[in-house]
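The letters A, B and C name the chains in turn, as written, and every chain counts its residues from 1.
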């Protein structure tokens, strides 16, 4: 056998006697990789789905021409541009509804394959490779992804019928097509969307030149950077997840690091013996590295597999979150590229390196003849802890800097990360300080020992405690934010959805008929028509809603900020109100002016800002008469009506019968609210799940840390036992120590968590979603988390303590055995 | 009076029971001292552990002033260790988290017999007066053993049990420490039972007992 | 007989799952429901300058042999293909059965440039109106004056552009039997007429440099529903302006299973039109040239119609006049050398 194999065998023999340690390292790497790759799997899936969504039309980074007003324009503009030699390709988009038990709404995209550049791919098919005969002929094709097909409950070659009664071309399965999208030829799209001769936008496939003046009045250029709106919109959400994943990864590495360090410590003698027997430093280090690599690969493989499982488990909620928050469609099944698996294992190897390189280097520097110093490792840890204090101070400065000077989401996360890390790093020093203070004036031997021994354990336990602090603070922070959002959101929803019945007319003409009819119905107490125009402001999609002057509006649109006579100004067509997101995006506040109309009407004053949670588009509220005057294309998109609860079913039935409306067009308040809260609940489900998993990992970290300590603890406890302290008492004392340390940690975690919650609602949310929430602190929730944290650590210490309680005197005796 | 009668003890090993003590009889009067000698594995440490109440015998009796030790409960045994004896080990077994002063006073406080002047005297005699605020790992082997001796004597126990108390020290310091140990044992008024390898050290005690293969082979007085 | 690209367009319609384009298998494809070409169908103008709904394929094809002030040879090609996905009349929306494809090229000193543009019928992005005559696709156009006696021809592509005025007062030339032109011995045929007498003046632009040119041009008009028989793999087609003032159109359709099918039309300087039989025509490839995609194409030919005293060597002005279109082929001007010299255009497909 060659020396390397011999060395490796000698090194590996250690794990046979220290299985728990072996398990710790493996678990650390496994958990770290699992959570990280799980999160990455979700992100990868979502991003590839966005890419598919935007790749529905052409390659990335495509400039496009969009209407200056409204959502659609006459295709004559397209022909005009074409005859001027502009390389443009027309697209018509719209929503198509399908009735059923679960009404489904999909994005219908009409494309014109001949005008696309031949290299452009649509749903993975190059424009040059289109089967034009089948696609644009009769009956044509409706391209659809597997998710959408499942959602619609249809099979390939089926022809679906929309709730408007339009028959779609037969379905053709295109696995690369984004979920929630149906692609048809533009001719079919114009028929299905009842938009003959209308287009939504033009893809610009060549170089960008100034538009001719008459066209520039109607179309505007959206530069390529504006594409990938979903990507940008959802970036914050993914950053959130990535941050959580990273947190879990770090916690996992803590575990591995602690176990690897301890293993090296226990093998000092073995390493020294090997060197003394003539094993070269080179092959020793190689052996150690190989061993580390083995752990990394095994942990990585297990981690990647569990990560996949985790992601598959979370995907439905995750997809619902993205749909609810951003209208982004993510498939219900994971399709991960090969590199994802490889990257997962690679991350594990990197993590193992990070966790173990210090130990290997230490082994390299180990002097051949030095005396064994069991305390050396702890002393070194102590030195590191002192250094940590300075690092923590530095991080606190970074946090203050990020908060005061930073702009954008990344700096917000830097602030949060610095806060969390600084608090984690300062924890051991803080605990040590508290214990030192508590030790003063203790004369009773056991209580003196209790504190002194706790202090001595600190360096070994600090990693686990830091992990607990991080997980707990994150739980408190995210929990406060989520609960706060829930409270705000539900309150806002109650006000906003105050009407009893919501009606969506088929078109404006029908809407006006309904309005007339409803006003004659005594059962309908208040009828509010909603006029709407979809447009863009500074490139952002915006809904402009026209409301009538009615007291009901004032109670339903609580304003975050307002002008003294906000509603009067709005009614007179002099004022405009903006959603919070839009106001932030445009950098406008109450008192600023906004030129909304393009027909030369004077700019209006911003008189109010209101919350509009969960709307990915900007929202503007103006007077309905003003809107109809300046935007002739405004449509009557909705009617809301109040009625006595008893009259609601009859009114609904009458409406449905008279205007031939299906269930999706007449919706009761309770159902609408149900949908909204459902979206919300699922929105944070994935975050909450990851969060509790992180807490779980911290628990495992504690557990493993205490378990590895258990062995060496025996050496500390045996003399006490020999001096006449009963075993049971020792167990209680040990439990008390764990309880004290974890309680102190929990105590620190709560203010850190509240601070984190503040950062999340006041900094991160504003950057990510565009709204700022009031900070709520829920004492009951804090208590619950505190108890959970303490329970986690107690549970973690239960096994090692139970083992201690079960120890035979002979195990303790072995501590005094002569051949040590 | 410490009396040991027909003491048997085996350890369970994977290869079957390993008899360590096979019928030991001995006695030690209060104020006297006994050296337990024998080769490695002859059972001397086991005998000491049984007397200290750290372990239980399979059969036979240990009587302390006529009272049997074996029938006592675990907490009673703990009290015996706490109040009745002082233990000195080869490996010192100091409490690493406590400083020298706290280590010295630990058992006395535990036994409720904290005697500050006596402790001060002990520290001075053992040459530890300057080292009271140090931690065990900052001391040399000899110094650590002195702390262990001080701790064992701090409560002036009736019996001091020592397992190779100077086994880790060189010959010169070993003699010096043992001399000090025996002197202080005498001043404390304790009886001593000491396991040792060394004929030379055994000779300084009143009695000597030689164990071989779990039996008393030879016993002789001064 | 410039159906090459149009056939390619048919292939394009059938998608990539069909046999490889090199096989030109779409030629023999029988599509039911389309109108058929018949022998005794008189052509009527200006109606027949326009598009023929009901026929599957159709093209408007202009080639111009030009010279600049320094006496250098230039060639310009302007082509509009119509291809119907299904029988039926033109509509006013995207559901039109027609697809349109434009090819344009400019050949001159220093190389050959080509461009391609596609459009759907119905919405007005491309089309042909008979009276007043106008053919267009996106920004390319062929605008008529007094029927098609005058044509303004415009196209632009990557690195080239041209704007040429064409004029001819001579009558149209009907090929075959009064415009009924056979393409094989098995009954495949098309309606085919030409205007080979255009005089040209105008401007060509390459890489931003404008050059004034003059010369002569040839318009081909052809429509059919099934132009070729199965087994025919490609063809070589010549339109020649002889220095004597005579015009000569010749083609051979190569067949995997035997001798090529040859036919042609002789137009004397005085305007007499004679249809040529295959046995009157001799075509011989003399030299081959490898194109940018690696295919070897004959770019020097010996062309003989002994009965009319024609024995010329035709050399490509630019041997690499490769059309970089979705389905590539060779098309470019040729110089004639022999007892009577001249200029002309050569198209070769299926290599």
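The working rule: contacts are C-beta pairs under 8 Å (C-beta built on N, C-alpha and C of every residue); 3 or more make two chains touch, one makes a residue touch a chain.
It should be emphasised that the depicted structure is a prediction, and the values quoted were computed from it without experimental measurement.
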| item | value |
| --- | --- |
| Chains in simultaneous contact with subunit A and subunit C | none |
| Farthest chain (mean CA position) relative to subunit A | B |
| Pair of chains whose C-beta contact count is the highest in the structure | A-B |
| Distance between the centres, which are taken as Cα means, of subunit C and subunit A, whole angstrom | 61 |
| Inter-centroid spacing, subunit B versus subunit A (mean Cα positions, whole Å) | 64 |
| Length of the line joining the C-alpha centres of subunit B and subunit C, rounded to whole Å | 117 |
| Subunit C-facing residues of subunit A, complex | 75, 79, 82-85, 112, 114-115, 118, 128-134, 136-138, 185-187, 190, 196-197 |
| Contact footprint of subunit B on subunit A as seen in their complex | 373, 375, 443-446, 448-449, 452-453, 455-456, 716, 718-727, 809-810, 812-813, 815-818, 820 |
| Contacting residues of subunit B [partner subunit A, same complex] | 11, 40, 45, 49, 52, 54-56, 74-75, 78-83, 87, 89-91, 93-98, 102, 105-107, 109-111, 137, 151, 163-164, 167 |
| Touching residues on subunit C, where the partner in the complex is subunit A | 12-17, 85-86, 93-95, 99, 118-120, 123-125, 136, 138-139, 156, 326 |
